[in-house]
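Have a look at the structure that comes next, please.
We just call them A, B, C and D in the order they show up, numbering each chain from 1.
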């Protein structure tokens, strides 16, 4: 339920307006150099309140490490990371206590659990993802040690798309992405995206988009057919992120219109290794990585919390009503979802690297 | 690896040209009426060799039940189902022993396992899905008992799309789909699809498409946030099907271009129950079913095995070569994937129904 | 690895001399009334430093709840509990850094993980069980709500045994056990045990014993054959406690010498319910609870840390040496293991109650 | 429920009087040489009807391999093994349909599942263990390849005990054990045991005993603290065997009376490796193997099925009655449990060897 993975396992906890959120990473190999600052640095990438296109909630998101690291190296025991909540203002939510917000999990959580923390969405809040990013930071450090790197960026926001890039060159864009307020690779398009987001904000509305992610350096052989295929586990990991409603690998939905002769990636020899000429399969064949870059895309729906008047129901009176959500919401969560997507992919790759034996249990 | 689910659990085994394939369903509640014929009937829906658009391999796919059912009812113990292979002709594959087929798992399986059954794709063959359908038949029977039904159909083949249907009316199409050679809802479009498939076949090529699936009658409350969300588990289940390269829920990738005010489904009262006016979220909010129809789509890539000449490498000599695949391959596997999609969705819904307590452990 | 259970799941973390230890309980039904004080009260039962027979390390073991409870009731989300370490004195351990203590996990942990926290045994310390007791407190509260109670006591210490008790009457002993420094049911024998412990302490030695545990009120039907039998899961849970080296159920090892006609428990009718006349099977038949009291015993080996000179090796020089362990060690951990045994049994019963549907997912 | 293990995973199925029993081994590394005969040979060791002290049911127990092996080597895919039932005579059980046998799981299974296969105990029959032995045969072969061997024998039957042996010498007894009708190491004591069994049989009664098992060659480092400790997983595996009611490791329950200075095993240098002078801990410290022989004992209760008159209840009338069980039952199942104990230990060691990376995923 709140645990993910088989060998490299993550357990998260925490409500949006409770004392804090946290993440326990179990199964990380012992002997990995890891500092609090490295984890903090990933959290800073997700942290809001830095640009005009984001929520104004100030979340310092300072991480404290409670276990699992000793004298700068991992112990192989669970790494517990705690991020206390701050700048919490629950007052705006009282009005929403019995009026579920359309597009949110308010109602389904209530139907499932009956007793819910209605403040700020409780555990259904997007804030939950801060714990994923903390865990992902550990996975990223581990993967980097073995030459695997995951890079994501906003490929499309509000209908504005970036041009196709040379996948193997994506590392070059790392800095551009990190300095872009919308986390994209093309500064010009980025400014258009920013404008579209601010326009939506002014209309008390919101916009969505598409994130593309690329994993470089993954060895052949990751994935456990027939059910725990690499793409299957990636699909689960990504679909579990709030607001994600679709995922595709390689050419994805475009493949519906292609012929087999176009879609198949012919094998070629390159530097005495077998590669594929094209990479329509996105680096995964038969559920197993083939050594080519892994390419994925997810769609992020427009933020559910909007200021416009929407139809809802009053749960006490069981009658229709309307709702206008006040508060400090992101008019577009695509940029902030970028490090979350990276985190989830990193968790899956770390887990499969350990399961397959590519990464050993101790370093 | 070859087991799926937490309470309602499925384990499958078998190679394409080995003695047989099988499926063990563990955790099915005791006391469910279930006959061999009901399982056979689902297998017959998947069985090839019935129409001109399919492989000519004749697979009687007769299921034998080895355990778990006594005097017509399930015992709550594992239900073991065995389907022996027949009409196996491995001769055509000898030529491919050291030349991996582009688009197939031949090479990745070989890199992962070293020792592989090269005959007919071994366990990487699409034939593996017969065991999924057998397991799915048990799940379907159980779900039906509790008012849940899953219906899938070919929504698009070779670029030819069916019109949108009224989701709640999909039950009416059940018979049309089952009698359609391409498993679609629109006989006219179905004939166009057939033609496109035969054209591809004549060109020694193949085509892909999109399957849409709808689950009716699922109660609110299925799904275990934050990682085992209903949509996350569905994404994994579907992505584990061979040839699936993308999945979307509700409006899916279209949501990238929508505004929050369009995408959010307003709540309304209908017959004293809370419903949503639209269903852009596809019946799942916050990872939990909301009682509306669940709507999913998956993309099926064009069949990898094609007769056309393709570039490959000779693994013994480690040099480039070309390959022309002979044999009895489906020029389009979309229709045959329809019951597999239904099976996997049914497995997830059965599992979550048990986990959430909606379906009890004994009937 | 550090997670236990399937529906009611516990994840623990923490090193003995690190910042703190913690426990995350996932899968606890929503709506359960639960306060910090109830958890604190169980921790107080385990807390050392209260009597002369215990270590002098002062551990306030104050628990902080970080998530999962809102306005006095559980949310169905993970309940995170943090206990910070205090009164930590690592200085004594520096001498032991490269000399493993006989009977301890020092060497095996080092061989497994290479990089270890040598201070106070790190995660291999008995202190780890504080997190088990915190999680067990949640399970206990849940079970009590459904009429299930687990009571353990020291049945034997240093060869001094208590008399047999009428199992169904064990509830009457609850207060006596809690106020006994050695956690036993017989004050006179308790004093003998105390004396034996102090004698061992004076000799810089230690003693072990046997804990008996009884679960009352468990319904028939808990246990998932054939591998996840109730007794199998109990055996695992108890054997995972540090210092436990054996477990038996019902008459246990005595059964080796009994005849079938003596060992079998005849069925009788009692108040219109089926009971067994005797309870040699300890309340579990075929791996499933039968509604009678569940009876278990575990053996606790004498504390490994002793002041006497013992043979060891110097890991740097790889040569034999000797060791005398200073510090504040319990000369007998049997009394302090009593609440840990109760906690582990409660976790298993809570999990099986949820799996079998006896306890629902929401209250 | 019917699946065991994390990487090396076993799923079993089958009822005593149904079509057959089977075992699916998932996660066995690819490339292991393995023949049907090797598995058959282990099944023959468990097969009854060979000596006067056993049930007369003739079970040829011929195994058929349905998947996972190709040209004499494992594929890394699930190995499916089927053993069809033969010599089934259900007639004797009709009388017992509504009268549960004391000491059996008849009643608890019925209370749990409602719908049960009453013939021969259904899945609660000891016959279920045939599938464990088949799976264990695969594990044994794998372990042998890496120098690990598991040997069990009857240490005590009906109160008759064998003398202590030099543990490291146990390999020498392999042949004696296999040729002993009671699977023990001492022919003279073996004859006394046989006589005690036949005496019990003549009295329509049964006897129990103790099995000791030794694993040689296990490397240091197996076991995943804090919950999946090696001894914890062994305890679960062994307690899941029908009729096992207790387990101890090393000196086990004797440790209750020992002092720390006696119980601790001092470290010594031997051939430049660290060993322990004694082995009271049974080869496991802190839940992790230390490279010394692993020593375990389990108690097997006397066979529940006895011809003597016993008290039971008539479930239809809900009133007390008596029962005399006819049929071909083992008066002592200790000898036949010996290969089952070996199988379960082998499964745990194989799984932990893979988890820890000691055995790689492909050979």
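The definition used in the following text is that contacts are C-beta pairs under 8 Å (C-beta built on N, C-alpha and C of every residue); 3 or more make two chains touch, one makes a residue touch a chain.
Keep in mind that what you see is a predicted model, and the values were worked out from it rather than measured.
In this assembly, C is the chain whose CA centroid lies farthest from the centroid of subunit B. Counting C-beta pairs in contact, the pair that comes out ahead of the other among A-D and C-D is C-D.
One simple way to say how far apart two chains are is to compare their mean CA positions; for subunit A and subunit D this gives 46 Å.
The distance from the centre of subunit B to the centre of subunit D, each centre being the mean of the chain's C-alpha atoms, comes to 39 Å.
Subunit C and subunit D, compared by their mean Cα positions, are separated by 27 Å. In subunit C, the residues that reach two or more other chains under the touch definition are 1-3, 12, 112, 123, 356. Residues of subunit B touching subunit C in their complex: 6-7, 355-357, 360-361.
Listed in rising order, the residues of subunit D touching subunit C in the complex are 1-4, 12, 100, 102-109, 111-112, 123-124, 128, 156, 158-159, 200, 205-210, 220-221, 223-229, 231-240, 242, 245-253, 255-269, 272, 274, 276-277, 281-282, 284-291, 299-306, 308, 310-313, 318-320, 356.
Looking at the complex, you find that subunit C touches subunit A at residues 1-3, 9, 11-15, 18-22, 24, 26-27, 30-31, 64-68, 70, 73-80, 82, 112-117, 122-123, 362.
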